[in-house]
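There are two complexes below, and they share subunit A, which is joined by subunit B in the first and by subunit C in the second.
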Partner chain A sequence: MSVLSFRLKGPLTGRIDASPLLPHRLVELSLSEIAALPLRLGRGHVAAGDLFDLTGSPGDTVELEGDERLDFVGAGLTGGTIRVAGPVGHRAGTAMSGGTLLVEGSAGLAAGAAMRGGVLSIGGDAGNELGGALPGERAGMTGGLIVVRGSCGDRVGERMRRGLIAVGGDAGAYAALHMNAGSLLIGGRPGTSLGHGMRNGTILFRGEIEPLPGFADCGLNQLPFLSLLDNHLSELDGVPLTCRGLTGQARRWLGDRGFGGRGELLACL
Partner chain B sequence: MSDAYTLLRGGRVCDPTWIADGATDGGLRDLYLKDGRIAATPSEGARIGEVIDLDGRIVMAGAIDIHSHIGGGKVNLARLLLPEEHREHGSGPDGLRRSGSGLFTPSSFITGYRYAEMGYTAAFEPAMLPSNARHTHLELADVPIIDKGCYAVLGNDDFLLERLAAGATQSEVNDYVAWILHATQAVGVKVVNPGGISAFKFNQRRLDLDEAHPHYGITPRRILTTLATALSDLGVPHPLHIHCNNLGIPGNEAVTRDTIAALDGLPAHLTHLQFHSYGTEGDRHFSSAAAEIAESVNHSPNISVDIGQIIFGQTITASADIMSQFRNSGLASPRKWVCTDIECDGGCGLVPFRYRDKAFVNALQWAIGLELFLLIEDPWRVYLTTDHPNGGPFTSYPHLIRLLMDRSFRNEQLARINPDVAAHSRLGSIDREYTLEEIAIMTRAGPARVLGLRDRGHLRPGAVADVVVYDDLPDREAMFAAPAWVFKNGRLVARNGELTATGWGDTIVVRPEFDRAIERRLKPWFEDHQTVRLGNFRIADGEILDHGRGGLSIVPTLTASDSCF
Partner chain C sequence: MLLNGIHIENSYAEAFDMKATRLIVTADTLAWARHAGMAATGFATSVIACGCEAGIERELAPEETPDGRPGVALLFFATGRTVLGKQVETRLGQCILTCPGTACFSGVPRGAKEDLIPLGRKLRYFGDGQQMSKLLDGRRYWRIPVMDGEFLCEESSWSVPAVGGGNLLILADARMAALEAAEAAADAMRAVPNVVLPFPGGVVRSGSKVGAKYKGMPASTNDAYCPTLRGLPRSRLPAEVESVLEIVIDGLTAADVAAATTAGLKCLIERGRGSGVWGVTAGNYGGKLGRHHFHLHELLP
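Moving on, here comes the complex of A and B:
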């Protein structure tokens, strides 16, 4: 397996659009062609070779040294692996449809937005709109898996249609806003207005909450599917422990009835 | 100011208004440009700066788009509604161009660049709600190169309807119309679904010409004739720009013909006529009434029209006609739409739409538009539009020109679309092909005349030096898509369809005389009902001029001796 590594030569002078650095695109190029690849820097462009020292050879894995100003890392990824040592900027893994994006540090805004498939794993925290929808779109995430060890910002899983998001820490406000389907696991505390406008789908969390008035309390339930889900989670890499250990017992709310929704909030025991 | 002339030597000047003089052999003529104008042939010894040999290429005046939604509230809403269009079609700055995005609702800078690259040097935003006027002008101020103008939308505004219901005199209406033209820096007045938008707010879903408004009790006929008379009395060159009632409803051809009859000889412009020429015959109760409408237009020399041809593909319909947009909202593709009220003025509806060539209704709409183009005989009274972006983007004009000029190409396209259309339409049997001269009339001289632009749309000495040079290619689409040279105000702005320079055009306005006493009635109205006060509502010249970046060009009003047609 060949690995191509990008090591930053110095501090970045502006935000970089790193979306061209996808394994399947780079594998068709020679090292010198990759070094000449133009990357958007602010309003202009800069050659990849001027920003990064390149080592290794193009293959199905790309290793990047991370920076908070590297945007669009792995955006549109269709296969292969991108490993980032450190943080990434905004829109990491936007609209990815396959492959694996592993970020050891934190991610900025809209990581995994409009994701269709593949795996996005974030070692640190994620910003607002994790696994959310691109502005103006009717559907957000439609497939794939997002795993975050830390916490995430507001509107995680907005307009989600399918797929799984597991957040080890806390979630911000309006988690699963207008969710249509899919699953959101929150290992820590959920924020306010959980599930506002959701029509379908499942949000799992622990502890006490005060749900929005659009959610009907269905009492304590023994739900066999929770153990199946827990088995499934055990087969996935890197799912935070706080999201695991589902016993099958959960308090259940149905809503958001204000939107004719039949989604579930499950406070797991 | 420079004392040197630019000489465009030996072009085939295609200007239907040109009185034959100065022709060299083979109909080739020389054009002299100086100080942004076309100059008369200078005397011997005059300093000639640049000389461009045109080698018999075709020369026309800059084209004028009489009806194109390129700025203002609804275009902006359309951009917001379809962010994917802008995400997928963006371009960065390149030293000459500024960045921008969009295909069918391009951002303001891109709009100017694309028009200029196609040889268009003026475009008119047809639906400026008075309360949105400042936004519209600010946005058009960012449309580079081309000249622009706006039509103020009246006829559903509560002030006018209330005054008409209270028995206002014609002269009071005249003063109000003139005040609006001044205050909003407009060049004409458009009426959209007269009375219907207001009636929609009172839960009416359809309004015919003689149907009383549910609240004010006045009829669309009264609104139409009062406004058309007002513009005629005020001497505004562009007659009332009419978007008829019942847009898109099968059988609406009756209301369209009734509208023409109701005008009773008053000059008027019927816009996007294609959407108003539907019959109810056949199994699907949807048929072409193009022949009847064309006949009616042919017999009414007071009427000019533009077509609003549809072009197959994705676009978005943007209209003040909230009644029809709400009706069509179920057809939205992708499935999202917006309808909004606009304070005391009217409404606004955006419905994204994909015209499909295999769908009978869309394919017949396409055929109806072309039938109208080909059956209306006088090119001086029918203008080339797609009602951008409603029928398709303005960038499809070269394709449309080829459809009009090339019968075999047209019939090839007809054979590809829904096969039932050929049986339901007479398009296949129409032999007419537009000539280059007729194209020059319908895209230049005709719109200039109906807008009262005396120094645009032609190439006689004194005209603004908006000059377009085309290679005479057999493929008219390629020819009109990428003109060899485009000059705006005598400056080269595009070469072979690629922008070479940019700059700023004028805002074209009209300033009829009127009695300022109307403000005594308007001031309390603004205080009671509007969100801005009268003094702030008015747009000052300085806002358009913007320290020299913008320009104002005032269209002279008509006197009794002038004639619109």
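Moving on, here comes the complex of A and C:
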């Protein structure tokens, strides 16, 4: 398995669009062609070789030195692996449909937005709109898995339709806003307005909350599906421990009935 | 051939191609999983009138099941995929959905679209719009609200090729000797994976032949092996045989049926002539109806 590594030569002077650095695109190029690859920097372009020291050879894995100004890392990824040592900027893994994007640090806005498949793993925190929808789109995430060890910002899983998001820490306000289906697991504390406008889907969390008025309290329930989900999580890499250990017991709210929804909030024991 | 005093006839069992599927049914306790399994595989002894042949393949420990609860593996066999799907659908809806605390999963690898056996795919409508689905690892599960909580059911299973109709005929000196031998052999054969013995306790006393003197009877009593008729010229029984019992075997592959046959033969031969068993033979239709022939002399332990 060959690995191609990108090491930053120095501090970035502006925001970089790193979306061309996808394994399946780079594998067709030679090292000199990759070094000449133009990357958007602010309003202009800069050659990849001017920003990064390249080592290794193109294959199914790309290693990047992370920076908060590196945007669109792994955007449109279809296969292979991208490993980022450090943080990434905005829209990491946007619209990815396969492969694995491993970010050791934190991610900026809209990581994994409109994701269709594959795995996005974030070692630190994620910003607002994690696994959200692209502006103007009816559906957000439609497949794949997002795992965040830390916390995430507002509007995680907005308009989500399929897939699984597991956040080890807390979530911001309006989590799963207008969710259509899919599952959102919050290991820490959920923020305010949880599940506002959701039509279907599942939000799992722990602890006490005061749900929005559109949610009907269905009391404590034993749900065999939770054990199945827990088994599934145990087979996945890097799922935070706070998301694990679902006993099958959960308090259930149905809603958001103000929107004709029949999604569920599950306060897991 | 005489082994440990037991006559092993130079005969063969004739078996047919069938379609099969495996369901895994779990419940809060093994006893309730068993209740569901017994009901779902009840009245499924022979495709002649039951629509399918079915049985409990084995019991499953919590760590062997998808949801970590005790369960049973059920095998269903039918002549084709369509009739198998229909049988599984009605049995799932009436016997597994109804049983307290159960959940139901496919027990075969994902197959082609044309082999689909609907499970929750159709049963979900029982939820009357309150059902929810979850897609985990490419498999869809339905959650149907029921009065004791939720019925969890995988969306579909798949049919796989199978072999049905393997058999052993146990010829004994007395009725109780035949029964005890059949019980012991059935226990040994049930331990073989991928097979079920669809008849009550695994044993049949009314073996049949094809056709009858009456119009409209597709099968009738196997008079050649009826001890009360042993004086007739067409009887195949020696004077000392007073009772005959048959064990029918359905398996996922010919090798599974063969392994079960061998396990049964081994048990009977080890018990020996002293157990009251005179001999063992197998039933066939002249070899023209079924593609699979299990020759006893080739399957000796």
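Operating definition for what follows: the second predicted complex is superposed on the first by the 269 of 269 C-alpha atoms of A that agree within 3 Å, B and C clash if a C-alpha of one lies under 4 Å from a C-alpha of the other, contacts with A are read in each partner's own complex, and residues count from 1 in each chain.
We adopt the following convention: a contact is a pair of C-beta atoms (placed from the backbone, for glycine too) under 8 Å apart; a residue touches a chain by one contact, two chains touch by 3 or more.
Keep in mind that what you see is a predicted model, and the values were worked out from it rather than measured.
**Student:** What does the overlay on subunit A give for subunit B and subunit C, a clash or a fit?
**Tutor:** Here subunit B and subunit C can both sit on subunit A without a clash.
**Student:** Angle at subunit A between subunit B and subunit C: what is it in degrees to the nearest 10, using CA centres?
**Tutor:** Reported to the nearest 10, the angle reads 110 degrees.
**Student:** Is subunit A touched at more residues by subunit B or by subunit C?
**Tutor:** C
**Student:** In the overlay, answer first, second, both or neither for which of subunit B and subunit C A:227 touches.
**Tutor:** So A:227 only meets subunit C here.
**Student:** What is the contact status of A:43 with respect to subunit B (first) and subunit C (second): first, second, both, or neither?
**Tutor:** Touch partner of A:43: subunit B, not subunit C.
**Student:** Please indicate which partner A:183 is in contact with in the superposed arrangement: first for subunit B, second for subunit C, both, or neither.
**Tutor:** The second partner, subunit C, only.
**Student:** So, does A:200 touch the first partner subunit B, the second partner subunit C, both, or neither?
**Tutor:** Only subunit C is touched by A:200; subunit B is not.
**Student:** For A:135, using the defined touch cut-off, is the partner it touches subunit B, subunit C, both, or neither? Pick first, second, both or neither.
**Tutor:** It touches subunit B, and subunit C stays clear.
**Student:** Between subunit B and subunit C, once the two complexes are placed on the common chain, what is the minimum CA to CA distance in Å?
**Tutor:** Here the least C-alpha separation of subunit B and subunit C stands at 24 Å.
**Student:** Which residues of subunit A touch subunit B in their complex?
**Tutor:** Touching subunit B: residues 40, 43, 134-138 of subunit A.
**Student:** Taking the touch rule as given, give the residues of subunit B at its contact with subunit A in the complex, in rising order.
**Tutor:** Per the touch definition, subunit B meets subunit A at residues 80-84, 87, 92-93, 99, 334-336.
**Student:** Which residues of subunit A touch subunit C in the complex?
**Tutor:** That would be residues 162, 164, 181, 183, 200, 202, 221-225, 227-229, 231-232, 235, 262, 264 of subunit A.
**Student:** In the complex, go through subunit C and note every residue touching subunit A.
**Tutor:** Touching subunit A from subunit C are residues 26, 66-69, 103, 129-130, 132-137, 141, 143, 149-150, 152.
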